[in-house]
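Each of the next two complexes has subunit A plus one other chain: subunit B in the first, subunit C in the second.
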Partner chain A sequence: MKNALAKYRKWSWYEATARERIAALLDSGSFTEFIGPEKREISPHLVLFDLPEAFDDGIIVGRGMVQSRQVLLAAQEGRFMGGTFGEVHGAKLVGLLRYARDDQDAPRVVLLLLDTGGVRLQEANVGELAVSEIIRAVLEARMAGVTVIAMIGGRAGCFGGGGIIAGCCSRIVISEQGRTSVSGPEVIETNMGVEEFDSRDRPLVWRTTGGKTRRLLGGADAYAEDSIDSFRDAAFSLLDRIPAFELDTVEKEHARLAQRLEKFGQCHDAPEIWKAMGIAEPDGIADLSDEVFNQIAQAQKEANHDAR
Partner chain B sequence: MEKLQIHQKAARRASGGKSHGITGVVASGNLEVLLERVLDGTECEVNIKTSVEGFDAVWRAVINDFIERHSPGGLRISINDGGARPDTVSLRLAQGVRLMEADR
Partner chain C sequence: MMLDNLLNVLFPASHDTQVEKEGILYGTARYGQGKTAAVVGLVNRTPLGVEGALSLASHVLEVIRHSPGRPIAVLIDAQSQRMRRRDEMLGLNEYLAHLTKCFVLAGQLGHRTVGILFGSAAAGAFIATGLVQDMLAAVPGGEPVVMDLPSIARVTKLPQDRLEALSKETPVFAPGLAHATPIGAVAEIWNDGDLATKLAMALDGLPGAPDRRDEIGAERKGRLKAAAVAKRVAQEATALADGERQRMPCTDR
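Take a look at the complex of A and B:
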């Protein structure tokens, strides 16, 4: 079994399913799932739309060990309904975060393996409520001293309410394949027109929402290669650099966002921002290897501000 | 959505000691298979919910073939299908019984 899992560790995070990510991220045999698929806590709404259900409603929550350290974790399955937040899906995550908040014996680290397009449209109102409850639960857990780390590198990216939830976490890890934002490319194009944003222009989508851009701007705190091993290492490298969750941190972050707008508000595309940041070859960022990119990102003040 | 139930006796009980396992994802052209060791003797029950209607005969052929090859006695198998092809269904079912072969 150990050898069987070893092969997953080098596996692409992007290609892996949520359960494969968990199996390879955690120490072998250490995972205990809460409300597993055999409990059949399925969405009560999808049947009304004659749509297929999943036994875990697209999210797996539980506890386990990473390099002998206890963690709680939640993993969204981006391929089921786009990893969207429905009523049950959201409630499972809220329960996990409240457990971390309330039980002093619970692990003090929560890993959120986000892979989501946002609220599940078929469960619109309860989905929105779920996102609000999750945001509150993340913030309350952080106030109770829990570290919540978002890991973004899946097929669905991390959009809509998922983008807001990620922004509320203690730290964010992202890969080049990872994308995060609130309104996704198709939503922007639908509302504002193709001249504002062409969602079929893949390089543009990645330059705007992709992992490299997010990391350089400081919207993500660590950059991982697209492997489960690299995500684990990147997340754990952040654990000793968790900002205090207090008013001072929030005020610093607001000041930093105001500065960012002032500095880069006139830029029309990501390479203009990178140029303004003093990066030598801004047009070549997309082609850089993960290793070289990480060196550049780590040297950037903008990317490594204490207040994210 | 179409629901199907297939009830059949297998030649032997499924090996391993795992009480339940799941494999696959409900997505277009894919399916999830939940296996639970809850039935007596060599009974096997397969419950299918599929988004593609009218393939009753194909499902029965695929499941009968699976039960003959893998002898999943004692297992209740529940499937949520997003329109997977028969070969994908066979593969997931085989992955499922392999999963159940673990000790716990």
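Take a look at the complex of A and C:
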């Protein structure tokens, strides 16, 4: 068993399933799932579309320990319906966050392992409403003193409402493979044309939505290598500097985002931004090792802030 | 309903608002018995990009800073989030998140927030302006959309006529007010009667009111599972903690 877990820890976060991420992230045997798959709490809507259900509706929520510290955790399974928010899927996360908000004895840290294309279109209305309930619950939990950390590095990325949820968390951890935005590249191309965004231009997609871009601009607070160990270390390195959700923080965030627009609003591509930030070789960012990139990111003013 | 017409109907005593670039509405209005409300919004069917989100957020912060306790009416006739590569590169998700934080913070700091949907609103723009408020009402013309049926047909690979037939059986996916209300997204539809009185009552409601939309969806039988599932997660979490406490030896007696 121990050997099996050691194998997972070195595993790619990107390649792992949601359950593998949990197994390797948490202390061995410490996880208890709420409304687990044996309860068969499936989506009541997918049957209308002749689509198969999942017994966990693509999300696992529960409680466990990371290095002997109690945490609540939710992990989306990007391989089921793209990790999308449906009615049951969303409600499980809402319930977890409200529990953290309301019960002072609950763990004070919530890890969100986001891996999502956004709202599940077959359940579009209830999925979107779930996203807005999650946002509200995240912010109310933060106000009650709970730390909510988003972890982004899965196959489905973190798009649509998922991107907005991440932006409401206390902190965001991302890997190079982690991509996040509101409209995904394919959606922009479909709606606005290939000249606006060529979703098949992979380097362009990565440097627009990818982890390195997000980290340098301050859209993520820590950068992880693509391993479960690295995600754990990155998340825990943030715990001693958690911004409170209050007027002062929101005003600082306002100033930060205003300054970003002022400085970089005219840039057309990410390397232009990096150049304007004073990074020596902006065109080489994509090829940097994780270690070297992390050093550069940690030295950037824009990338390191308490304004979230 | 057109914006000017709507303002006259909602605030017959007086209103003083303007629309700046990016379709951002702001100003003040009198309501009820000589009370003042802040008025903000996203109008003229404008998509919400980084500039618009920041500008709207600055008006909300202004109200929080300078007008303690003043309720905020949020008028909405928008599109979706702006679909530009440049906006996404700059981190549109953070700008939309920031705007939602400003509204939630306003509620928590004693400003009742009431969304009034009088046109369209979709996706991220709907989340950040409409679905985030203490209460969301719709007036004639209000038409929430997550995604239009042709797009859903493309993604789900189902013929559009099949989707149209399905949408008559369930409110969970198709666009429109008739579907947004039973699930609890829209609290009230103000179709006729005295809209100004209805708005005044809404503005005098509880700031930062608890989010009961899942329970409302269950009461209206449009969203049957959400409230029960959310409650059960908390129950299982509490039961787990209680069980552990009981197993722990008593050391203080």
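Methods note: the second predicted complex is superposed on the first by the 307 of 308 C-alpha atoms of A that agree within 3 Å, B and C clash if a C-alpha of one lies under 4 Å from a C-alpha of the other, contacts with A are read in each partner's own complex, and residues count from 1 in each chain.
FYI, a residue touches a chain if its C-beta (ideal position, glycine included) is under 8 Å from a C-beta of that chain, and two chains touch if they have at least 3 such contacts.
Given the structure is predicted, the values throughout are model-derived calculations rather than measurements.
Report clash or fit for the pair subunit B and subunit C bound to subunit A in the combined superposed model.
Subunit B and subunit C fit side by side in the superposed model.
Quick one: classify A:R98 as touching subunit B (first), subunit C (second), both or neither.
A:R98: touches subunit C, not subunit B.
Counting touched residues of subunit A, say whether subunit B or subunit C comes out ahead.
For subunit A, the partner with the higher number of touched residues is C.
Touch check for A:P37: first (subunit B), second (subunit C), both, or neither?
First partner only, subunit B.
Touching A:R108 in the superposition: subunit B (first), subunit C (second), both, neither?
neither
Regarding the shared-chain residue A:K275, is it in contact with subunit B (first), subunit C (second), both, or neither?
A:K275: touches no partner chain.
Using the superposition on chain A described above, determine whether A:K252 touches subunit B (first), subunit C (second), both, or neither.
In the superposition, A:K252 touches no partner, neither subunit B nor subunit C.
Looking at the superposed set of three chains, what is the minimum CA distance between subunit B and subunit C in Å?
Scanning every C-alpha pair, the shortest subunit B to subunit C distance is 14 Å.
List the residues of subunit A that touch subunit B in one complex and subunit C in the other.
none
With touch defined as at the start, can you tell me which subunit C residues reach subunit A in the complex?
50-51, 54, 57-58, 61, 64, 80-81, 83-86, 88-98, 100-102, 104-105, 108-109, 123-124, 126-128, 131-132, 146-147, 151-152, 155-156, 158, 166, 169-174, 179-180, 183-185, 211, 213-214, 217, 223-234, 236-238, 240-241
Hey, which residues of subunit A end up touching subunit B in the complex?
Interface residues on the subunit A side: 1, 17-19, 36-38, 47, 50-56, 77, 79-80.
Within their complex, state which residues of subunit A touch subunit C.
Going by the criterion above, the answer is residues 32, 34-35, 41, 44-45, 48-49, 61, 63, 72, 87-88, 90-92, 94-96, 98-99, 102-103, 105-106, 119, 121-133, 135-137, 139-140, 143, 160-161, 163-168, 180-183, 185, 187-188, 190-192, 196-197, 208-209, 213-214, 217, 219, 245-247, 250-251, 253-254, 257-258, 260-261, 264-265, 267-270, 273.
Considering only the defined contacts, which subunit B positions touch subunit A in the complex?
Residue positions touching the partner: 1, 20, 22, 25-27, 30, 32, 34, 36, 49-51, 78, 80-82, 102.
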